[in-house]
Amino acid sequence: MPVHQVTLSGIVAKTAGLTALELEGNNIRQLLKSLEAACPDLGPLIAKGVAVSIDGTLYRDDWFQPIPEGAEVFVIPRLAGG
Amino acid sequence: MSGIHVSTTINGDQIDYVCEPEETMLDVLRDRLGMTGAKEGCSTGDCGACSITVDGRLTCSCLMLGAEAGGHEIGTVEGVAQGNELHPVQQKILDHAALQCGVCTPGIVVAAKALLEKNPDPTETEVRYWLAGNLCRCTGYDKIIRAVMDAAQELRSA
Amino acid sequence: MAGNQEFDADRAQDFRVVGTRPARPDGMDKVTGKARFGADMNMPGQLIGKILRSPHPHARIKSIDASEALAMPGVKAVVTAEDFNADAKDRDVLTNIMARDKALYEGHAVAAVAATSRIKAQQALKRIKVNYEILPHVTDVDAAMQPDAPILHDDMFTQGLDEKPAKPSNINARHEFGHGDVEKGFAQADIVIERDFKTAATHQGYIEPHACVANVGADGMSELWVCTQGHFHVRSQCASLLGMDVSRLRVTASEIGGGFGGKTTVFIEPVALALSRKAGRPVKLVMTREEVFKASGPTASSSMRVKIGVKKDGTITAGEASLNYQGGAFPGAPADFGAMSAFACYDLENVKAVAFDVVTNRPKGAAYRAPGAPMSVFAVESVVDELAKEIGMDPFDLRLKNAARDGSKSSYGPKFGKIGLVACLEAAKAHPHYAAPLGPNQGRGVASGFWFNFGGETCSNLNVNEDGTITLAVGTPDIGGSRASMCIMVAEELEVPYERVRAIVADTSALGFNDTTEGSRVTFSSGMALIKAARKAKEEMCKRAAMMWDIPAEAVYWAEGAAHPSGPNAGDFEPMTIEEIAGSAAKTGGPIAGHHEYNADGAGVSFGTHIVDTEVDPETGYVKILRYTVVQDAGKAIHPDYVEGQFQGGAVQGIGWALNEEYIYGEDGRLQNATFLDYRLPVASDLPMIDTVIVEVPNPGHPYGVRGVGETGIVPPLAALANSVSAAAGVRLTDLPMSPPKVLKAIGATKLAAE
Amino acid sequence: MRYEAPGTIEEAATLLARESGIARVLAGGTDLLVQLRAGMIEPDLVVDVKRIPAMMDIVEENGGFRIGAGVSCARMGEHAALVAAWPGVVEGAELIGSTQVQGRATMTGNLCNCGPAADSVPGLVAAKAVATVVGPEGRREILVKDIPAGPGKSNLKKGEIVESIFLPKRPERSGDAYLRFIPRTEMDIAVVGVGVSLTLDADGTITEAGVGLGAVAPTVLDVEDAAKAIIGSKLDEAALEKLAAAASAACNPINDKRGTIEFRVDVAGVLAKRAAKIAYKRAGGK
């Protein structure tokens, strides 16, 4: 599986206690599994919902969105709107 | 509580109803007569969504008791179009996309029609002040004002 | 590049229906008064529900005795917290719709009655005895953060700190975004400005109060008619709150009289269902305007500090924001979005935004158009304006020099894709408005703003009827004309006249789950679903034509609303119209339909820039708006009238927020202005025409390039007005709303300082 | 609640006097219905006076105008002679609420609610208008300024109804004006309201004046010091400053959701000057 440089933002970073880490995964679901394994404290937050940004596109759910090699990946709080 | 019998005219039709003394004209229209075109946005006369005319004069139906209507001529949004023929105010509101959610629209239609009957050639400022009691939260009023001005022009040239 | 590359640039060259302005399908009913909104429905044998609400901002509920009320003639049911599912998945919503142990704000529901008339229900409320133990309260965000503040929730320990705090507080969470080193950045600056800002809580102000009619059968079969932005979400919430199966509850979305985020959650709906379940009859529940103000979901008030450093050449070296938002009695103030949006218009090396989500004894906030962004952007854009004056640079030039561009690293982390901020700034700078002369006591302000926009779960159906007309079913309530946009996109895709297509908002039993109409998502998400559904239908129709022509399906293409053989080799056939194909559908395999279900992504962020001129009466502080221009990126305007309408409506809501709208609380913790008389929405005579410029930088994530347009428009006005009024008054205004007493005081203060 | 719509004012007064519970007069109803709906009052009897012909007319009388208590503000605005004689009074009446409210609201209702911010009252006070009151003991006349006793409280006795308001004959070279301050352009309650009425002599010197101030005290004020400040002047700068100072000095306002004490005091002076200038011009002054 490809390894990505992942940046955590906002409360995701604070809960994890770090802002960047290397995670592997072909898609969002695998990435989030790797993240939860690395930072068990994030379990509840991930279950509640986080957003993943891949090369600037925000995904709210969409587990099977592929993550290309070398992509810019952020895990950020989940968004809502009015 | 005792019901009050009221004989009145609504949109040209002779109508009789019984209402409680506490009921507003808006309650009567909506709950007793099934005429739900007038909307209850505030029940304090501040939003204009319940606008009707009484003997041709623009009024909030939430500020009038149903018991007061006896012998008067009531006009509601349901009576503005003649059958399938829209009044120019209605047509221009459609043409200018002067509605979004549309809940204030019946009140605007009744109020604008009343304006143009009184003042066929209003300025933009006159339209804005006349409609100041008709709140619209969606449109910022721009397209509504344009629609009313346009309807005025059409009525004048008709 | 990841992200769905959906945009078809060639196709966008020759749109025929997209970009036109046809009448909307629901228009006729709305101008004649026939359209049915939330309160326009009645069910046979229905009762009227009314809710008893706490008069206290904070009180323990020691007991509730409804026996007298229940004994009154005409009273059929009373419900309290006990009548809801204590294991509901969203505990905050459960506690908000009906207070459990404590009333947490004035207006918090405590019990509800169903009776044979409104008057009887109202009388019954007075006979319900609630024994309260009054507790100390707090309504101000800064006061609520103090260590000695009355605590709302004993189990609230601030999240997002390095260590879990030892004591509970009213601070639910701390959020932080940014990158670089702001201290280093400030050290590089020639000028640093730091200021404090405040904004009052405002309400979405939709003209239609919340309304619903519920009917729960003895067998559990239930229906709910309701004005909502998201009937699927209402179904999901209500089923959980009442402990029912989702399949038992069918929710129909009425026409909706405005929402702006305020109708994205439930308030009275579960109560109506609970009353109906108990009474065994349908129950209609409609909020009064006072209830709407006191017990629906206004937006946050804020207290903020912003610091920005700039070099003399206009390079912004660092930006820092600290934001305190209170969102009422439960967690969820949009502080995180405020922090993410604050500096989104800038490409900064050093940026940091910290935000606190704080609870107070006010109604639980709901979303309001670009939740959280207008406040923080107001603060940032005010400081940017001041910096431009300090270094003697045109405010557009300063913004352009530092603007976020394609590929810029956003202030909240990820890099931007294709964005339209620079296009908006350039269009605004070139607009004649910006060059128009100003008179005495007049000022001009400009500001930009940003919103993310969302996609989300979407399920739409398209049916080709037997006469070749098209019916569309969408699951996203239409609050601003979206049915017209849906018809336009399908007419474009199928190359049929707009008038041949009709869209309806289907109830929850007819479609799969749809996310709510929120996040400016509908034209993007439901629109893309329908484009894809139309493509499936086209493919099917080409197949049917191929079968009838007895040629391979690949040899047929769709154009001008008809199937065509792809060339002489395929065969010599006259085009087969949609009417012909639909008319013979029964013999060629049955009904023709298309549908698409997905979780939409790639919504594409949207930027806008506003210009406003105001005149300040130096003797009274009265602010008159002279001229207003909105420039915003729509990606692609499907129905330009409704895009303009969104721009204009957003701008005017922002004007209200900036000048006069506010929740005013007394020392007693009670809301003092729960009427349209004293909660001052802008009226028609307050405003000039709102000019619009639609910028179109296509969103790569949508086949037609659509970006959501609903929310961004409310973000720039607060700052644009503040900058304009500050210029006109000759003094910087930092406290919203800029009501006349505040403006006059500020002018007076400057005059004294000058002496 | 009972609803009655008698045909004469005597019947109305009798109904009100006999009611042992809470009774209310319904004229325009633009305040009464709001209070009813909100449950702020629960009257036992509502007496609609709009079926009393004598209360539904504007009559010219001895060169002045008698305005029936049931006459809507919109009708006042449509009465050309009234508007010509008392533009300031009509201005005040026409600022009450929206077009919709105008069609129903009455000046007398505005007066009898005794709201400190009633828009039509400062102009009436400045005009020294007189109300005719009918009660169980017959008819009497009372200065408009003496009707309000405090916020929501009147000096009328049980069973008394205001039948009409009389605006006296205008001497030549007279003018009046009403200005109010609201944060919006429409639909608000006055934060400050000022009515000024004045009469000039042939060379433009003010010989008589009245100044009414609203929303700055528990009742609308008749500010004699403000009137004195401009009497004998041609409304020069010095007189205007004295007027503003007197108006501000008379204020005894509160801080509330609509405005602060300091704002009201300041703006009362500002509006007094502006209203006086308009009235002066209307009176033919230069």
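Which chain is which? They are A, B, C and D, in the order written, and residues in each are numbered from 1.
We take it that a residue touches a chain if its C-beta (ideal position, glycine included) is under 8 Å from a C-beta of that chain, and two chains touch if they have at least 3 such contacts.
Please read all numbers here as calculations on a predicted model, not as lab measurements.
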Hop count on the shortest chain-contact route linking chain A and chain D comes to 2
Contact tally winner between C-D and A-C is A-C
The distance between the C-alpha centres of chain C and chain D, rounded to whole Å, is 44
Here the gap between chain A and chain B, centre to centre from mean Cα coordinates and rounded to Å, is 54
Taking each chain's mean CA coordinate, chain A and chain C are separated, in whole Å, by 26
Chain centres from averaged Cα atoms put chain B and chain C apart, in whole Å, by 29
Residues in chain A with touches to at least two other chains are numbered none
Touching at least 2 other chains, the residues of chain D are 38, 185-187
Multi-chain touching residues of chain C, meaning two or more other chains, are 204, 260, 676-677, 682-683, 685
Chain pairs that touch, by label, are A-C, B-C, B-D, C-D
Chain C residues touching chain A in their complex are 1-4, 159-162, 173-177, 204, 260-262, 264, 336-337, 339-340, 367-371, 407, 410, 412-417, 451-457, 518-521, 599, 601-603, 701, 710-711
Residue positions on chain A within touch of chain C in the complex are 7, 9-11, 13-15, 17, 53-62, 65-68, 71-72, 74, 76-77, 79-82
Per the touch rule above, chain B residues touching chain D in the complex are 1-2, 4, 21-22, 24, 43-46, 48, 51, 54, 57-60, 62-65, 67-68, 111, 114-115, 129-134
In the complex, chain C touches chain B at residues 21, 23-24, 26-28, 30-37, 39-40, 119, 204-209, 255-260, 286, 288-289, 479-481, 639, 641-642, 644-645, 648-649, 651-653, 675-677, 681-685, 687, 689-690
Chain C residues touching chain D in their complex are 122, 290, 619-622, 659-660, 664, 672-673, 676-678, 680, 682-683, 685-686, 739-741, 744-745
